[in-house]
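Here the chain labels run A, B, C and D in written order, and each chain numbers its own residues starting at 1.
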Amino acid sequence: MDVKAVRRDFPLLSGGSSLAYLDNAATAQKPEAVLRAIRDFYETSNANPLRGLYALSQRATDAYEEAREAVRDFIGAGSAEEIIFTRNATESLNLVAYSYGSLLQAGDEIAVSVTEHHSNLLPWQQLAGRTGAVLRWIECDAAGIITEDAFRSALSERTRLVAMAQVSNVLGRENDIRTFARIAHEAGAVFVCDGAQSVPHMPVDVRALGVDFLAFSGHKMCGPMGIGVLYGRRELLEKMPPFLFGGEMIEYVTREGATWAELPHKFEAGTVNAAGAVGLKAAIDYYRAVGFDEIVRREEALSELAYRTLAGIPHLRILGAPEGAEDSAVREGAGAERHGIFSFTLDGVHPHDIAEILSADGIAVRAGHHCAQVLLQHLGVSSAARVSLAFYNTEEEILRLGESLRSVRRRMGYAE
Amino acid sequence: MDVKAVRRDFPLLSGGSSLAYLDNAATAQKPEAVLRAIRDFYETSNANPLRGLYALSQRATDAYEEAREAVRDFIGAGSAEEIIFTRNATESLNLVAYSYGSLLQAGDEIAVSVTEHHSNLLPWQQLAGRTGAVLRWIECDAAGIITEDAFRSALSERTRLVAMAQVSNVLGRENDIRTFARIAHEAGAVFVCDGAQSVPHMPVDVRALGVDFLAFSGHKMCGPMGIGVLYGRRELLEKMPPFLFGGEMIEYVTREGATWAELPHKFEAGTVNAAGAVGLKAAIDYYRAVGFDEIVRREEALSELAYRTLAGIPHLRILGAPEGAEDSAVREGAGAERHGIFSFTLDGVHPHDIAEILSADGIAVRAGHHCAQVLLQHLGVSSAARVSLAFYNTEEEILRLGESLRSVRRRMGYAE
Amino acid sequence: MQNSFYREIINDHNLRPLHKHMLPRAQRELRGVNPSCGDDITLRLTVRDGVIEEGAYTGDGCAISQASADMMLDLVLGKTTEEALHLADIFLRMIKGGASAEEIGELEEAGSLIDVSHMPARVKCAVLGWHTLQNLLGEE
Amino acid sequence: MQNSFYREIINDHNLRPLHKHMLPRAQRELRGVNPSCGDDITLRLTVRDGVIEEGAYTGDGCAISQASADMMLDLVLGKTTEEALHLADIFLRMIKGGASAEEIGELEEAGSLIDVSHMPARVKCAVLGWHTLQNLLGEE
């Protein structure tokens, strides 16, 4: 991959700023092609889709439905009716919790892993509270790994739903979704996969994985803010009640009640974010143009370098890594396994201070609980700094990160 | 107002197309300033707002919170914490129905007007179904007017919530929200105002109106798709449980439960649509630059012309207008009262055929039930065509509409 | 396109339908509705020995939905239910853009609705009667 | 800015705090927390005849939160509760950009945290101790 050329596609990265943007798990930067697609939509096709009989509305509808088809294809869904556009992954997961969740009963069990982002944890905790279902925790080990044993021991014959991220936004570890989904199905449960951190970084095929639901956000994969996706298996979506109620999701309304539109419209109440969907399609097209294989290879290489760099810094502890890993001891592939996400602490320095000092050096990382307080409690830390990479990052940025991190303790007043 | 100059601000309108876009109640066109603001955000400030310690995230946060402040100012709210960004008006109304609605009990009453858009009707109908609350209908007369008597007779001492649009998306009539909100409060109910069709067309001041909640969409006021607003009175928002659960809306999370962030974040789960909010602010700024008074005056003048034009067309019946109104008999102001929204039928021609023929003439109008099936049932029609205006429309477009409409029956095979 | 489209056969079938009336002795009847636009058709048939002997419709809706139903009845009256289903299949494929010129020929006048394949918003209108026919005959 | 900022007083108060310890005979104690970043402070005071005679804190958090609490105790020990509340008021206004140079002078070393007024993400850290003080003294 010609990274220089790729970076020129991103106005924010190529604008002469020397910022090392290493907070990609929070949100990704947008290529020119995405910005142009949004503008093009508004300049040539802006109308309320789905209902207008005039040509402009038809163009808007076509653009919107082509975006749905592009998403379907991107994640290997069987039918475009299984693709629901939402605002973000959080809303996608809440949709399932409210709608599919309404089919649960007291005593049913919901299994959630302790590594989850709040967006794939709170909806289930709340659902349990509303329905009297029991929340069971799938534990991870000190490395953040969920073993098949741990998984099985959180399930019972009462398990109705399992929720798990494919890739953790704190540890970067990938769960064996295919196996877990199969076990969940054997137990009679549906499997909800949070793909917020996986879909942007690896080819995801919902049918190959065998998941029942998949949620992800456009903004984390170079698409615009305000657009997210929920994939759901048709049989499930069909038996689920709608979540939001309003325009475009009905068939008939009377004073007494209503009947619902067909999929996917049943779940898309109100005016849709067609420009957002079009922007997401442009992001998918961009991934294709660069080459998803290329993207994965490059992110693996950057990940390896980042792991080695971080592991070599004194007093730095990578969350979920063996105690005292040292530069030379880093096993090949140990970095790539983390999909570009590394959370860490530095002895004696609060993560906020780390982030502040790196920011002064023009390096953007995140610090805090990363919306995963239950995981951090489990790992025994209250907060951590996090570096997260994307294919447009450079080796030089990672080396700068390393240098800057090496200086932090000194700049905080420690004698190294 | 220099309409020619204004139209040059809108790429879609000035691109050499001769389309007469008369479906503004569905969605509005976007000025260059809005498109530029969205792009600027992504080019200079794109990061996940609210949590980053680095400068870019701070810029994103500032841009997002400035947009919130602009909205607060635009609708006269007391505090920016009372402004919640949603996806659209539909989601805003669903938020209230799920969250405030969870405080209702069986036997409580909800009063909803028969003129409502499905987005301000179905959430309440569903809420009643969930809680055992009783849905009471506020009736309108044949002209679509809701009298104070009709309003009072739908209320009782058990009324807990009243939901009503300020302007109907079918009839264009404005309800006397200030009076109705006062009466609702006297009855001990909260007042939910659907401002989707009013906020874009008249200065709305939530405190002057005395409403407890106000919902509207950015895309209907020249802002982008994918961003909406819910205003709520602080005391109410504070006692309401969150609606969506996930990142950014919590204080503490443990395995056992969670506590919530302060307003407005408690109601904004997941990554926010900062670019959308920034686009909405640009739309507000654009309204200011053109002058809201100017906009209102111009829309009134266009409305008068449109009413006169439509009323003069044989076989055409304007919904909610006195039978057989004729050109010369049109009372001054009768058009302006409709805020640019006119729904009508043409004897013997289905509205879809009207819209199709107008579309062939380059005129975009809507046909169907306009997401107001209960109102159409009440008025005894199954479908209608609708013209809806914005300040950037021209007199010439309205005259073209009139000419085209006059030809429709002939083109459908009638001997005039 | 739409202009001329409305000027011809459709307007004729819409304004002066041949088969829009009650059918007191109908054996079967079925209602078909397009909720989004309010097109509403009730189809009534008498089938004897596998042949559609009588048929008519009543209802309400746009010119395309009404004319399409009228043309459909013109075509299927006197045919076997099998032939009728075969023609319905061709019609539906034509509207989706997947029928051959030869097949479209079999549809006679109803073949003129091929223009609807370029008017996605009207597809539901055009196919309403035909779907209702399929459901009615499939009901046995 | 942040570079030099960390190099000076803050690091000193963070690494070698004067008042970070238990206070066995404390009359009052209150915990203050910034959930979003995990800053966590427990403030303990002994007040006699309206004067803050003893004070200390324990806790955990970023340099700014800890140094700010340490400087605060430096400043308010020996002062009346009224004076302490007055100083807290100035500090909070300073962080929001609304205190005069003269007022900031009253804050002595804690005045050096004025830089935080340009670091919105750190405001919560800087004010944690002071808010806790207000709540503790306001509790009477």
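Quick note on the criterion: a contact is a pair of C-beta atoms (placed from the backbone, for glycine too) under 8 Å apart; a residue touches a chain by one contact, two chains touch by 3 or more.
Predicted model, so just to flag it, every value in this text is computed and none were measured.
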Smallest count of steps, each to a touching chain, taking subunit C to subunit D: 2
Rounded Å distance between subunit A and subunit D, as computed from the means of their C-alpha atoms: 39
Between subunit A and subunit B, centroid-to-centroid distance (C-alpha), Å: 32
Averaged-CA centre spacing for the pair subunit C and subunit A, given as whole angstrom: 48
Residues within subunit D bordering two or more other chains: 36, 122
Junction residues of subunit B - those touching two or more other chains: 51-53, 57, 250, 252, 352, 356, 359, 367-368
Chain pairs that touch, as defined at the top of this document: A-B, A-C, A-D, B-C, B-D
List of subunit C residues in touch with subunit A within their complex: 35-36, 120-122
Of all residues in subunit C, those that touch subunit B in their complex: 1-3, 6-7, 11-12, 14-15, 36-40, 60-65, 119, 122, 125
Footprint of subunit C on subunit B - complex, ascending: 349-353, 356-357, 359-360, 367-369, 382-383, 411-414
Subunit A contact footprint on subunit B (complex, rising order): 11-12, 15, 19, 21, 23, 26-27, 29-30, 34-35, 38-39, 42-44, 46-48, 51-57, 87-91, 93-94, 97-98, 114, 117-123, 125-126, 129, 135, 137, 217, 219-220, 224-228, 244-248, 250, 252-255, 257-258, 269-276, 352, 355-356, 358-359, 363-368, 371, 373-374, 377
Contact footprint of subunit C on subunit A as seen in their complex: 51-53, 57-58, 61-62, 250-252, 259
